[in-house]
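The next block holds one structure in the form of structure tokens; read it before the comments.
Each chain carries a letter (A, B, C and D) given by its place in the written order, and its residues are counted from 1.
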């Protein structure tokens, strides 16, 4: 194993990030390594008397045409956009300050297509490891193995909210985001709704669910109905409490605001995808004095939720909460796979820092790879 | 004539701007009308633009002028038409093929690119020796950066009960998240105000000529 | 079959992209180029579909005289206007069926399509989102309340950043000596953005990338098929 | 009754904000902003690129964010032209193409006429974001067979040397969201090695900072109106962004004052509630 990996690593390091290798020879041309055969890497190393240069490539008639004149004593140039499997000839002419004296070098290279992008080795290895872990856990979960997921603290509000609503005899409001059913955030929200509906059926608390899209509406009705059935209270299920407001973004917000002011719910849940309207909703909810719980994967909206709500599920916590409550093998398995990836991140970063401190730059370069 | 139409245009712009602003007082017919006109114009714009700038140059033109070289484009055209059949309920299943092709392609491209840029490159960028900097501010900052990334990632780790010692990094992680949300908050406020400035500038300058 | 064949299409196209990502050799690069070109063409049909369904929904509303149907009718009329003007005289430098319509452009100052874009579409689009400035102000007054240590941290950072990004910032803390320059508002803001903010955003980015890998993998392998519609 | 009061309070806040923005617009305070390193980096990228380079400005926004992004676009365009760069305009948002034409027109009014097809070109919008950029990386002409005026790719002198994205010296994306700057970073830089800088709305700026790192995924970043004003400062002129920083600064202070008042009110209410609670229990 070591015998294979080491030369690979060395080869990789020699590629470098820009693909330019300083060389001892005055002028060299080499096929760019590990590519689709469309580039040649040129490098030169001139004596210190030189002050300007002209880099030239032979055209189809064999006449040299200038491709660059940017000066550096030790420099490089990557000539890209070439044909694969063809020979290219280059000439470097270097001048003195007064241009009275010049030297010229020629070099040639043949472009070759490779079968693997060696600079993407780290990408392939790590990607394979993480994909493997995700699949492993999904199949594990499907076979009914119990996978541990910690409880999400944002969910603690559920009990409190239902308790308070029951005590006051007021309803609970649940908004499953303003995205359509295609958004996984909406799906996650519906999974949480299922749990909340189960509890509200047990305690006999009224549950209001305004929806923005008809698809979400029918899914939400299905979810709540199922939960009531499961709780043994199908009689308490009222279809009209789960209703369509309007497709229009701000119209929807105005509608939900109206409901909050009229019904004065004791607890509000805003879970799912929210955009700019997040603020208007939670502001009104705060005004009515409800306990507010929010959660979204939209990073720009989280700050507003944190400052205006009592509990917030941050980003991935929303999906984790949904997996925790639904025990769906696909969600659970993926989540565990991602967790494996996170552990890997922590280990890799710590190793990398130690390596950097020890002056072993190759590790970082290997992980970063090249393009 | 053109001058007059320009003035009319600015008055139109002012009318629609004020119609939208009227929503701040309450929902009303002016707002509703302006909103639906916006939706209609927007749909019209997308439709015309897509036809003129993509379908004509990238598809129809190539097929009509040089069919021999471009006949393969008949396949995406066919798939595109299958996509349009979604509006006919009985033919809806045909749209699954183009959707599958698009979803499969996007999934793979996103997987490779975000794994490289948002995973590998970010990990590599965190592998920094904090003591290589000369300024103490940078040293402290880099240590904060490393601690923040590790604890932040740990906060989203769900496979372990976060109790006792295991709760500490998670707690630190949330602090970093909160600082970053605070920054986001500040920047969002900034952005929203900027948009308002633009509109008031239009009303005061172009319409009312109060600002010269 | 109706359900499995699309899954194979998704798998094949995904696999091709993955292979082309690692193998530079012929023919994968070319295949990828073809596939991305097809993608673009199919996507533009998807855009057409989106607009057509929107219009279809509005037509239904008007036909059924559902509440507020008059507004939807206005929406349809403006849609039709935009499309007709665009088709007849084109937009900007693109000619339409009747050419560039020089006569009309002369009178109007620009093509009808561009005239509507400049004087109606632009103000509408720009004003819609400027409403949010007002909502932020009102929420700042009523709902942004300090609750616990975490939200304190958030608020303090927000205050520093908001002040640090004004033109007053330099002036407010100019009395702080340069040896403590890091405490001057603009520099403090830069520090927060460069280190703690970057750290947290990076953690979010890394977690999100893992999420993308997971969902993409499930889609390519056909484990996740909800995008095809019709239940789980 | 209570609902009425909150409604009135709300309207007062709206009015105060409108005044806080309008007054400094009418009577500018003459405030000056100071530069930040991130904007300077973006400036340096443009400044250090040799004359004659072909570059891309991507207009990935629509009219809803012109106030923030248009001044940036124009400042960068002016800079690029002054350095003798040949500018290709692309757009990931359909309305972006119109925004590009607006920028070209405004900057030419200042710098004098430039030649279309040699100094600049508008290639317009293509749908697909990341996938489109990936396509450009393979072959530019497949993605853009014609420009927006119907010229063929081969007939445009500026594009003579451009076969793929690799022939572009830098990309600056003016980005209001998705698709936009992120797609350019992930594809143009991380896959094809082209330098990318960006200007974004302030909303998305904090999320892009992890890309500004030693891997140079993102060369420089301009976030919001403030950064646009900084770029104008670096270009040594006072443009729309600099002027708009006056109301911007005043409004920020107003928001902070509102937050403070809100918190004092909430704190008082809580104290009163605590007291009445004690009385009831006592």
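The rule is simple: a contact is a pair of C-beta atoms (placed from the backbone, for glycine too) under 8 Å apart; a residue touches a chain by one contact, two chains touch by 3 or more.
Fair warning: this is a prediction, and the values are worked out from it, not measured in the lab.
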Any chain that touches subunit D and subunit A: B, C
Chain whose mean Cα position lies farthest from subunit A: D
Chain pair whose interface holds the most contacting C-beta pairs: B-C
Centroid spacing, where centroids are CA-atom means, of subunit A and subunit B in whole angstrom: 14
Rounded Å distance, subunit B centre to subunit C centre (Cα mean): 2
Inter-centroid spacing, subunit D versus subunit B (mean Cα positions, whole Å): 13
Set of subunit B residues in contact with two or more other chains: 23-24, 35, 45-46, 49-50, 53-54, 58, 105-106, 109-112, 114-119, 121-126, 128, 146, 149, 153, 156, 177-178, 180-185, 187-190, 193, 195-196, 198-199
In subunit C, residues with contacts to at least two other chains: 21, 29, 36-37, 39-40, 43-44, 47, 94, 117, 121-122, 125-126, 128-129, 131-134, 136, 138, 140, 142-145, 150-151, 154-155, 158-159, 162, 165, 193-194, 197-198, 201-202, 204-208, 210, 213, 215, 217, 227
Two or more partner chains touched - positions in subunit D: 6, 14, 17-18, 21, 64-67, 95, 97, 126-127, 131, 134, 143, 148, 150, 190-191, 203, 206-207, 210, 215, 224, 226, 248, 251-252, 255
Complex interface listing, subunit C residues touching subunit D: 29, 32-33, 36-37, 39-40, 43-44, 47, 92-95, 114, 117, 121-122, 125-126, 128-129, 133-134, 136-138, 140-146, 155, 159, 162-163, 165-170, 186, 190, 193-194, 197-198, 201-202, 204-205
Partner subunit D, residues of subunit B touching it in the complex: 24-25, 45-46, 49-50, 53-54, 57-58, 61-62, 105-106, 109-110, 113-114, 116-118, 121-122, 124-125, 128, 180, 183-184, 187-191, 193-201, 204, 210-211
For the subunit C and subunit B complex, residues of the former touching the latter: 2-3, 5-7, 9-18, 21, 34-56, 58, 68, 71-72, 74-83, 86-87, 90-91, 94, 106-109, 113, 115-134, 136, 140, 150-151, 153-162, 165, 182, 191-210, 212-213, 215-217, 219-220, 227-229
Subunit C contact footprint on subunit A (complex, rising order): 34-37, 84, 113-117, 120, 124, 127, 130-131, 134-135, 138, 182, 184, 187, 247, 250, 276, 279-280, 282-283, 286-287, 299, 303-304, 306-308, 310, 315-316, 319, 330, 334, 337-338, 341-342, 345
Touching residues on subunit C, where the partner in the complex is subunit A: 21-26, 29, 57, 129, 131-132, 135-136, 138-139, 142-145, 147, 150-151, 154-155, 158, 204, 206-208, 210-211, 213-215, 217-218, 221, 223-224, 226-227
